[in-house]
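Presented sequentially are two complexes of subunit A, the first with subunit B as partner and the second with subunit C.
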Partner chain A sequence: MRVPRLAVNALGVGLALAGWQIAGSGLGDALVATPVQVAAALVDTIRDGSLWPALWSMGWQMMVGYLAAMAVGVPLGVAMGRSDVVLSVVKPWAQMFIVVSAAAIVPLFIILMGRGVLFCTSIVFVATVWYVVATMTEAARGVSPKLLNVARSFAASDFQRFRYVILPALHPFVLIAARIGLVHALRAMITAEMFISAGFGGLLNNAGLDLSTAPLFGLIVILMALSVGATSLLRWAAHRSAPWYASRTNA
Partner chain B sequence: MARLSVSNVSKSFGDVPVLIDQSLEVADGEFVALLGPSGCGKSTLLQIINGLTSVDSGRVVLDGQDVTGKSGSGRGMVFQGADLFPWRSAIENVAFGLEVMGVGKAERLSRAREYLHLVGLKGFEDAWPHQLSGGMQQRVGIARAFCVRPKLLLMDEPFGALDVQTRDILQDELVRIWEAERKMVLFVTHGIEEALYLADRILVFSKRPARVLKEIVVPFDRPRRETMKLAPEFLELRREISELLRHDITA
Partner chain C sequence: MFESMNRRDLLKVGAGGLSVLALGGGVGGAFAADARTLKINTLASAAAVNVPMQSALRSGLGKISGFTAAEVRPTAKIPQIAQEVIAGSADLGDADVASTLAAAEAGADLKIIGLSYSNTSQVIVVNADKTKSLQEVAKAGGTIAVNSIGDFMYVMLIGVLQKRKIDPKSVNFIEMGSSGDRARALLAGRVDAVPMHVEQAAQLAQKGNFQILVRPWQEYDNWFSAVVMTTGAWLKDDANKAAAVAVLKSILTSFRQTDDDYAWYKSQVAEYASSKELKGADDAFLKPVWSTLTTEIKAFPKTMDELNADQFAKVIPAYKEAGALKGTVDLGKLIDRAYLEQALKELG
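Moving on, here comes the complex of A and B:
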């Protein structure tokens, strides 16, 4: 008999929540708040006025850094994938930056830029752009030489091969890079805000100092919901705009 | 009168000579098969005629025009694995060559529809390539090459990746389409039966570096029927070519 997937998912979540509730009851809410306590704290946090402005300021500053990272990362990654010269110039930097965590460069950026908008957007940009670059480089290197040959056999010019073969072949990967980049942008933004005790990261910081872990868990749940929501939205957009790719990978 | 003349073409890849001083002529409306063992260089010759591969020396002249090293103009190519653009629907794939040539949308789609119907894919205009079977994909590939109305059709083992039944059907389809729009065809294959069934003339190539071992004018009338594959004359020619090739490979 086939069990519906949704039911299995729900069962898994239910079991985890039950285990969490039992553990929380044993350890006390200073260490592990129970789901029931977290739900109550979540309602309080949402009612409290400070959440929405914090989310807003986090959201727009992150988006500025993220969109800049996409705007620079996609063309740069494509150039690296299609040109050996660009690849050999940029790759060492990309490799260096991609292994450095955002937290490690935050102190330097605070010294350089202070604690304002420029700082937050710059951290997001630096932490995101190389993941976008790496994704697009691989995608651009993977463009089928056979299909480029087909275009050539129809006498397509360099520009036409770019326009009719490389660009459409890369389209689904732009959306994949957008998804990967968004996750890194959000992480970097939270890290930056925790350092300067501002916005949503600031709330997380303060909640960590609380006697109960319930509000902290509540904020983490909000963060997870945001991240999952945003990446799902991007995945949906990818399926809508490149159905040939989506249905091929789902097959 | 359309005519193809290839004279004294040589080509090496690095130190490996693939073609040495090869010439061939194709007359208007003639169907010529290039038959030989895999990897002998016959596909390279086809790509040279298509302008996808450069020559070390020699000339390719189509209708009095030197097209050596230049792709497009008057030639249409059908590739082994169909090699359709996965992000284009069937009809958009067929219209590709016209789009490259700058033909307006309405005109190129109406012409593409006509050729899609000719290859028996009415009703599949909006299908994605991955939704089509291997045989149907190759029908689209054939329509794509016909749609630019080439004088010379180049086919590189177009049915090599298909199962025997599909191949037999597509061979008949190709003959039917070609009889409706008679043009020069160069058909690369390693199938002796296929070459005898389809071609007016067969050039039997040696192992690498490729040279013509024998030129065979196929003595069967058109239209050809499946039953002729069992005629004694057909079987005798088949045996003769088979021995010629085996002798060359073991020599």
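Moving on, here comes the complex of A and C:
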């Protein structure tokens, strides 16, 4: 008998929640709040009116930095993948910046840019763009030579090969880069906000002061739901727009 | 109407609309220019002891002619407060004493012009079932979690250990973010002693045999922790001098109200405290905290007499012993009471 996938997922979630409830009941809410306590705290957090403005403020600033990172990272990554000169010039910088955590550069950015929109979007941009670049570089380098040779044998110009072979081949990878970038953008935004105790990061800071962990866990649950929701949406968009690639990865 | 509009009419309407917007913006700007909004960096979290200062900046300052409520800029990393003031991106800072003294000693052009509160409200708490004294912690090679190595509580503890003839090297100091995190670490038995605010110590006492081992105000006359500071260059401007006086007037007013009126303090805690638990605290919990802050710790001095070079000189040896300062800072130059004196004169 084949058990439906949804039922297996629900069973997994149920078992995890049950384990969490048992652990929380034993350790107390100051160490591990139970799912029931977290749910109650979540309701309080939603009711007190501070959550939605914080989410909105975080969301739009993050999106500005993220979209800028995509706008720069995708063409730069493709250029690195297709041109040895660009690769030689940019790769050392990309390798250096990709390992720098957002937390390490936030203090410097605060002093240089203050604490406004420019600061938050810049942190998100810097923390995201190199992951987009790395993904797109590998994708551009991996375009099948067979496809390019076929185009050449039909006398396709450089532009035609780029427009009709390389770009379509890269399309699914743009959406993968978007998913990877989004996760890093969200993490960078939270880090930036925690430093200046603003928006959602400020709520996390304040919740950390309470002896009970329930409000903190409640906010973390919201963050996880946001991340899962956004990446699922991008995955769905990828499956819809590049079904040939989705069929290869869904096996 | 719109059907009959030609391109020229549309441009006229557009230009008119933009003019109205520009005029509106200009009028708004003219009104806004009358009242100044100061950028003031403060700690990210407002504990019970920080509430009067927060109230002064977020509410009291706006009641003084020529000023709006300050743009309070919470800062998670304590040394960042002074750094931003030095960099000129903030007008004033509610900075910790350790980083301010260290920056001044390193040559930064800083002035301490007021107190954010006098005497810290942080205490050292232990699980009394496991530990009865600092000697026991040291003997067992125990661990104490502080916000950051070199901060005012770390230095205070080093001083207390030395007073008790305990080698500070026999204790492991680790850095741990917020006082809430430290309280949880103590509860879980992962560390042996932690600094936390008096109200958190009272909360933790409800969870077990957690007792206060060190009260800084009993160890030192005044253990300064946070000061109102800015740069000497900023204070050269007459408008900034007036701003400094206004901020101090607001803080002094808030201190006085806190000392005199528990109901007012409670309302401000509900408004400005960071922790939800503290915001919603009832009288049974909050009144003893207020009483400790105002009478035992004397955290909110009505005239800030404690702000002087002699009082600060008493804590410098502890900083020197802890390696946080060389001890060469010129306190007479660093502490500037001129704006405080003016504020006191104007308040009467």
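In the analysis below, the second predicted complex is superposed on the first by the 250 of 251 C-alpha atoms of A that agree within 3 Å, B and C clash if a C-alpha of one lies under 4 Å from a C-alpha of the other, contacts with A are read in each partner's own complex, and residues count from 1 in each chain.
The rule is short, and it goes like this: a contact is a pair of C-beta atoms (placed from the backbone, for glycine too) under 8 Å apart; a residue touches a chain by one contact, two chains touch by 3 or more.
Keep in mind that what you see is a predicted model, and the values were worked out from it rather than measured.
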Touched partner set for A:H171, first subunit B, second subunit C, both or neither: first
First, second, both or neither for A:M194, with subunit B first and subunit C second: second
Which of subunit B and subunit C A:P107 touches, first, second, both or neither: second
Touching partner for A:R152 - first (subunit B), second (subunit C), both, neither: first
Partner chain(s) touched by A:G202 [first = subunit B, second = subunit C, both, neither]: second
First, second, both or neither for A:S212, with subunit B first and subunit C second: second
Which superposed partner A:G59 touches (first subunit B, second subunit C, both, neither): neither
On subunit A, positions contacted by subunit B and by subunit C: none
Of subunit B, residues touching subunit A in the complex: 50-52, 70-73, 75, 77, 79, 81, 83, 85-88, 96-97, 99-101, 128-131, 148
Residues of subunit A touching subunit B in the complex: 144, 146-147, 149-156, 160, 164-165, 168-169, 171, 242-245, 247-248, 251
Contact set on subunit A toward subunit C in their complex: 28, 30-31, 44, 107, 110-111, 114-115, 194-198, 202, 205-213, 215
Sites on subunit C touched by subunit A in the complex: 44-45, 47, 73-77, 80, 83-84, 87, 89, 177-181, 183-184, 187-188, 200, 203-204, 207, 274-278
